[in-house]
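Okay, handing you the structure first.
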Amino acid sequence: MSDAPRYSAEHVLRYDYRRSLGPVLARFFTELRDQKILGTQAPDGRVFVPPVEYDPETGEALDELIEVGPAGTVTSWAWVHEPRAQHPFDRPFAWALIQLDGATTSLVHAVDADGPEAMKTGMRVKPRWSAERIGQIRDIECFEPEGA
Amino acid sequence: MRDVAILSFAQTPYKRRESERTEVQMVLSVVTDAVEKSGLPKSDIGFTCSGSSDYLAGQSFAFVGAIDGLGAWPPIAESHVEMDGAWALYEAWIKIQTGMCNTALAFSFGRASMGSLPETLNMQLDPYTLGPLGIDSISMAALQARAWLDQDNHTERQMAEVAVRSRKNALNNPDAQLKGDFEVEKLLSEPYLIEPLHKHDCPPITDGANAVVIAAADAVPSGANPVWIRGIDHRIEPHQPGFRDLTQSPSTKLAGEKAGATRLDIAELHAPFTHQELILRDALGLDDDVRINPSGGALAANPMMVAGLTRMGEACREIWAGRAKRALAHATSGHCLQQNLVCVLEGD
Amino acid sequence: MSEEKSEVKAIVTPTKLVYQFSAIGSHAEFLKAISEGKLVGERCPSCKKVYCPPRGICPRCGVETPEKVDIDDKGTVTTYCIVRVPSENIDLKLPYCAANILLDRSDMPIMALIQECPAEDVRIGMRVEAIWAPEEDWGPTMENIRYFRPIDEPDVPTEEMGDWY
Amino acid sequence: MAERCAVIGVGQTRHESKRIDVSQVGLVREAALRALEDAELSWTDIDAVVIGKAPDLFEGVMMPELFLADALGCSGKPMLRVHTAGSVGGSTAIVAASLVEAGVHERVLTVSYEKQSESNAMWALTIRMPFQQGIVAGAGGFFAPLIRSYMRRSKAPEDTGIRVALKDRLNALKNPYAHLKFPDVDFDQIASSPMLWDPIRYLETCPSSDGACAMVLSSEKPAKQASKTPAWVHATSMRTEPTMFAGRDQVNPQAGKDAAKDLYAKAGITDPRKQIDCAEIYVPFSWFEPMWLENLGFAPEGEGWKMTYEGATALDGDMPINMSGGVLSSNPIGASGMLRFAEAANQVRGEAGEHQVDGAKVALGHAYGGGSQYFSMWIVGAEPR
């Protein structure tokens, strides 16, 4: 056993990564800035949101983008009672999987609701847009219950 | 295929914080121990493969220093996967199948206590549409748990029962971190961590290292107690949680079929969250007479990058103790059971 | 056309992870010694070689190294380079000489700065000594040794540098 | 070995300092698709994928293979992620070959990449842990003293490094994928380029690139059915030693010598300079060419520089080295090793284009990493062995 004093220090790994997007994500984020949500349509009609450059099942290239939503249906959700520093809100909120109208798949995002009792699988939600949109996933500030 | 057996397993005691030994000292201790127990001289080990993650250590090339714990002199045939040690074992098994070596060592290590693991694991997500949301690993698992609860009248009680059984089983595991007799009612009355997950549904944060030595049939030393790898396979699924049915684990099912996961006495499932055990049991078609996680599983100790390979070790322990003849060991990687490995083990 | 109408081609994703790093075992003991102005190493029980800074193990033999050895703050340059390019995270005036220095009584070189002589005058085999920061600035870091400087001793012939030549 | 293995498809991206036209997904797909097209296969023909890259901190994604899996058609398939420092591109190819040689899979896609422009490699490589001291930055500061040791030991003429760089930079002009191309490059331009980490000059060092490389490896039957000539894997080898220990020879590391010895024994090579037609070796700083020529046994110790000097390593020499322009011309770190292995394969397939060595039948691909401590290498041939 060591009798040395304990040397302990914070180590911070911080970097602002700059990510180039390629054609599909570039269009997705560009349109998001204009409050439009795009998905990738496969030849058999499946629509992937967020959009992908390829079929996640087969790897085949896909390039047809169509508009979906903006509203959708919650397919699963989780209530955050005590947000972490990285979370989008500093008050309790929900994470949800949201199947936007016209999409085959679900998107992960935050839902601002009054409490866990206000959340339900199958509920309808719509996006609340950020005031300052720069072309990124957080241009959607969150989703909120339809009619709220 | 060559018959290959696990000869030995070694681990550090799994704990919340390993404050006495550095990573390299942890590696040295488990490697020395595993090699000694294998009955093979160290110089006979034909291939070495390790599993670890730079992000756990907070620096690039963190695995390079671990070499220092191997006594890699003269130089050794060696490789590394940025994955759980279970996949290091898979690569080692492959190497023996090529015939290029007859024995191999696989080891893994992780010191998750250095960082904030749920936030570190955010870095595992698609960096364009998922990572920037700031979602953590427990929240991701909670989305999966809700989807599971929404199905077939599943209940939080079933999940709590998994926690209670795991931590009770862990009472028999001297190296486990979380153990004890808990009551389902009491657990369910405690507040949610991320609803619908309670604290008991989630794994502890753990530091640890482990190692196994494997050998082809013709290289098993006399006096050894080999546990044969009857099948091993792994599969991956799409990354986006919303692109999959989170209540199913088709990759586990497929890997289980390929590995021949039938006629089992026990199964060591790498299920960091309670509901994931239930999804995995379903995927593998494990009925009630298969004992699940006699070690306590990942709910009793979950050293990142190490917990998967631990399942193989724990399955071997059951076989060595004569409590099982044929066992399944499973490892998972990524969020919401994205990637899964199944290994079927059998005593001599 | 206004700027915001241009296509979004890239996103910036800030990342910040906070770790708590603790020095353990030999590393902590080394830091304690250096914060008192001393260098300590460890001898391998198997190959008898001495490591400073120590790591608690001998990488060659793969065994623990419990025996402590006091190390001198003088040594010999085994090789070096002259850095003429600036880089992030390092704040030193260019050009400077970074040398591999084999400390007396240790068997493995450390990398350190050579100052108080033109970088071009540094030679393989040159004898050097540590220049420590003022004692009040000492902390648990190798940075207590600000740099090494030449001393008036004959160069070590390369044939006597054994493995490191 | 249970099964023979061959390279039946090779693909790589354009290498540039910033591939801002693609995402990480697009980058790996570009290389993978070219390898699939070269092999005349589609995603569904692939049984498993092995992916390699250098530190995750470069792109800021932990285990990025998890999100890249979809893009590489991995759904429902096995995927492995290899990381062995700078040698990773080579060891990734070796792991992929092992899957075939083990008889576990018939066709394996292997991909390696780096998109360094998402961050800054110098930052990622110079992260200081608490209580550590920062003296030199990046790989140059680490390797320059070793080069100085080599110069002293071998008494090589001081312009050896310049000659290597000139040869590689001229070769790069024949490679459509190469990152750095200096159409008017000559001896004086390299000699007068600034010293960075003396004795390493700017034009004697590698760039920082975005890029990817991919190969399709297959067992014997698909290889014999392929319409293009396959490159048969004759032998692979990997060796590792600790970064530092008392008495370690960092200039001519034992791990490299042992790997080469093992490799030649497996491939039936007794005189590498005679029996190997050309080699792509991992030379991030020009002086490493003579150092590795010795380490690989192409020249006696202390005499590697003579091969450079005599022109033996030129494209028209008797032992062409780094026909593609090498790491000095393109360096997407995680892919750099695989690019060496792929170039060796393309040479024996007769698919190397303008930098084809006439009649190359046996070629060596080589990679190293860490503090010259990880080595991976393979020998490929136009005929099965």
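Labels for the chains are A, B, C and D, by order of writing; each one numbers its residues from 1.
In the analysis below, a contact is a pair of C-beta atoms (placed from the backbone, for glycine too) under 8 Å apart; a residue touches a chain by one contact, two chains touch by 3 or more.
No experiment lies behind these values; they were computed from the predicted model shown.
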Between C-D and A-D, the pair joined by more C-beta contacts = C-D
Whole-angstrom distance, CA centroid of subunit A to CA centroid of subunit D, is 38
Chain centres from averaged Cα atoms put subunit C and subunit D apart, in whole Å, by 30
Per the C-alpha means, the centres of subunit B and subunit D lie apart by a whole-Å value of 33
Separation of subunit A from subunit C, taking each centre as the mean of its C-alpha atoms, in whole Å | 45
Multi-chain contact sites of subunit D, meaning residues that touch two or more partners | 20, 23-24, 57, 59-60, 70, 74-75, 123, 127, 129-131, 242-243, 245
Touching two or more other chains - residues of subunit A = 2, 7, 9-11, 13, 15, 17-21, 25, 56-57, 136
Could you check subunit B for residues that touch two or more other chains and list them?
-> 20, 55, 58, 67-68, 70, 72-73, 114, 119-120, 123, 126-128, 130-132, 238-240, 243
Chain contact topology (line, ring, star, complete or other) | complete
Could you please specify the touching residues of subunit C with respect to subunit B in the complex?
-> 11, 13, 15, 17-22, 24-27, 55-64
Partner subunit B, residues of subunit A touching it in the complex | 1-2, 11, 13, 17, 19, 21, 25, 48-50, 56-57, 75-81, 84, 86-88, 95-99, 105-110, 116, 121, 136-138
Where on subunit B is subunit A touching in the complex?
-> 20, 58, 114, 118-119, 122, 126-130, 132-136, 139, 142-147, 150, 191-197, 238-243, 246
Mind listing the subunit D positions that touch subunit A in their complex?
-> 18-26, 29, 33, 42-44, 57, 59-60, 70-75, 117-119, 123, 127, 129-131
Complex contacts: residues of subunit D adjacent to subunit B | 1-2, 23-24, 54-67, 69-70, 74-85, 91, 94-95, 98-99, 101-104, 124-125, 127, 129, 237-243, 245, 253-255, 258-259, 262, 370-371, 373-374
